[in-house]
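Read from first to last, the chains carry the letters A, B and C; within each, the first residue is number 1.
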């Protein structure tokens, strides 16, 4: 079966059937695990507080890896050696027989999500908070958050429309004026349930229809699930999988992890912003949900390794996996830090296009997630045969 | 619609467009309607100036109504020296649309509506305060032809047919009246106790509809009006030439589900395409009709019209014909069966 | 289906969860009416529905016929949207039915009530794609859109213009038993009426009491359901039960009433002083705490049109304190609903047959 087929067929069939079709990897690539994305997306894990989601990821991957550690910053690091067969065939016809070992590849996705932190508990029982990561203050008003380890629900209060003038409706309520109401009538009552420093995440539940998935934190639980899906099968070359912490607050977890892993090649897996909106459905809004993984050439943190990008592009073509170029100059990822780690690492980013990241609920297309798995899997196979590219 | 009835619809439209009938002074259009509808039912006029046409039937009371008034102007001041008048607008017209329009008074005499620019900058639009009436009468003489404060004028209409389009000043809502006239003439059998009301003073706030509907006490109602294609943000993308609109929401009005379904069914039976319309800042008599007494399940059928920026607007002749066919189908339709009631 | 006479031991919080979760924006109350009618039928002697969609639950009094009628009105519509236009790409533009602060909408989930219903999101632009300074400007309603995540073709086929759209937010249990949900305005009032009918069934009043779930309170300048229902009923007394602004930061004193301190009683031009006094007396004798809320001109409730129906009807307004009204997280304390019901039932049960506010002076 050619790799393009699954995706192509999924596009043509009705949504329900497409789900089944899309759920199978192409050409030997592992299947993308919708169930893992669900578990990862629903778990809380604001930058600096990734413990809960980390345990769930660890649980999901422990049976598939040779070693599994939590590093000093909290990133989850798993090492997987290639299967004997892959190692042998690599020796027979690949780089190793010519005296070169296959490259050590770091695959990285970040665990953390944007959210808020409780910074004060007021006398009347209301919580003041600050943002963690890039959150638009305009999307917070009247949202529901789950706060702290006990997942206490709280709502971001606001004056009713009746008390708001038209002029005020044009003003954005600044963060300092927002507050969370958990129903407590006093500081004492609130303090029994939440503490200063507790994180709050959006109260959003993962849902499915057709090939669309809805949930919170697809940036970057989508990448986490792509990575967890990839290592279900032994890779064709040595891989260190890193689920990094603190990406949203300055690409910090991956900076430390990259030093430790010291890979030859790094591929960062992301959930990136799809730009479709009314009046912006053409090229200027690329990448688009449903049209294949987005591959980065350049962003604010990274000049992707041209050889690696060429390999990815060649694989996409030969395997007929649709890809899109991420619009240059926007955003930054762990890849930027990894690329500059040590003596330098060849790095690239493969992303699942998601609508409405950094908001309470995002969408992605399951087909794109599967294509990302396919694309990276076959890229690994290509890297085994030839690295660096001639 | 047969060519014969189509031409009778359009000749009725021409007559009604030219008839005198600003808000509160609907004498001319009322007389024109009586002439056009001779023999079509029993006429009465009420204290607000509404014209009722009643065709008795054994079924529930059905009200089909359209407002017959059209915007006009009222003289607010007459300059003793020049005889020129100042005016205030009656009904939903913006001052820029009236510049250059001809006002016609009940006695048939005319005046030009102009804009006293004063020191207004290039690119500004006139306020209603800056409009004047030029009658051509010398103000210094005690001319009996001088206008006086309180005189009300209609906007004179010289309708023209441009291909499939009608261009005219008073289409809102003489087009709706013409559609009902043609439907009343066409429909022979009807299951309802049929009341057609041509309402007065609609442009002053649905006043005629308030009293007219109370008088009829209908059990179901259909309001016929003209809807203007607004700017992109305000309208739901409806357009001229694609069939009559059925209004789902407008100022003060939400369609009643049963009345709406009934109209849609009639449209299907008459093979008339319908456009769904949601509009925010415009409304019709429906907000008054529906709130009558115990509440009246009400639907609004609207003929789409294009504004031109001048006094004239444009409608499509086919939309008009289909609206009339739809009204005829509504009149001929069986009464709705009500769900709900006691449990 | 539940029928009259069955007991239902649902708690007030359960009732609130259940009734607030029903859709039913102005003009589309039939999405909520059958369920509310079933709830009325548990406690009322008869349940009827009129041609504009109002639902009536009748509790017969024990006085000698003809008995005067008291009307309890709570509106069953909740604010929401209608689909107005479908943009290229399948994005939906909406028309509001009821007043939202557009700043409470970006990022929120909604239900598009197609057949079957679909979940959708108010689209937002991630910070990565925004121009500098963009997040300092609030997004006006006309620029907001809803994304169903489905292909344009499917959207055009399944979502006709006029389709109802509601905020999607399951009820949230807060501390102190407080409950946050969209639609508390005024389903909290509807639940108050349900509870009142329940109490009156066991303590029969002299009068007939008619609980009315009214339509279209949130739309237009006329309180359409209340007007038509009171024209139809011609009650001797009308009480509107609606939500009152709860205490919250940023609101001036006098604009709000505290949550958990009992229902509020409005006082002002829309309220007959004798009814207000009677309710206050009852509250005192029953030991029900209340707040007094000054509404000098309009109470902004169904009582506005009840008061001027027919030949004029004495009215009162009972308020259920509610924070963050007209958002997806309207917060109510169920206790206040219970107290409201006790107060109404206590007052109505004692109304004498010859009660009248009209005076003959000569």
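Note that a residue touches a chain if its C-beta (ideal position, glycine included) is under 8 Å from a C-beta of that chain, and two chains touch if they have at least 3 such contacts.
Just so you know, these numbers come straight off a predicted model, no measurement behind them.
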### Task
Could you pull out the chain whose C-alpha mean position is farthest off from that of subunit C?
A
### Message
Out of every possible chain pairing, which has the most C-beta contacts?
### Response
A-C
### Query
Hey, how far is the Cα centre of subunit B from the one of subunit C, in Å?
36
### Inter-chain centre distance, subunit A versus subunit B - centres from mean C-alpha coordinates, in Å
59
### Query
Taking each chain's centre as the mean position of its Cα atoms, how many Å separate subunit A from subunit C?
42
### Message
Please output the residues of subunit A touching subunit C within their complex, sorted ascending.
### Response
125-126, 134-139, 141-144, 152-164, 169-173, 177, 179, 181-185, 189-190, 193, 203-204, 207, 209-210, 212, 214, 273, 275-279, 281, 289, 330-331, 355-361, 363
### Query
Which residues, counting only subunit C, touch subunit A once they are in their complex?
87-89, 91, 93, 99-104, 106-109, 118-119, 121, 123-130, 135-140, 145, 147, 149-150, 169, 172-178, 180, 245, 248-251, 255, 260, 300, 323-329, 331
### subunit C partner contacts - residues on subunit B that touch it in the complex
219, 233, 235-237, 248-249, 251-258, 276-278, 280, 287, 290-291, 293-297, 338, 340-343
### Task
Using the touch definition up top, name the residues of subunit C that touch subunit B in the complex.
26-28, 30, 37, 41, 46-53, 82, 84-85, 95, 97, 142, 160-162, 216, 219-222, 224-225, 227-228, 231-232
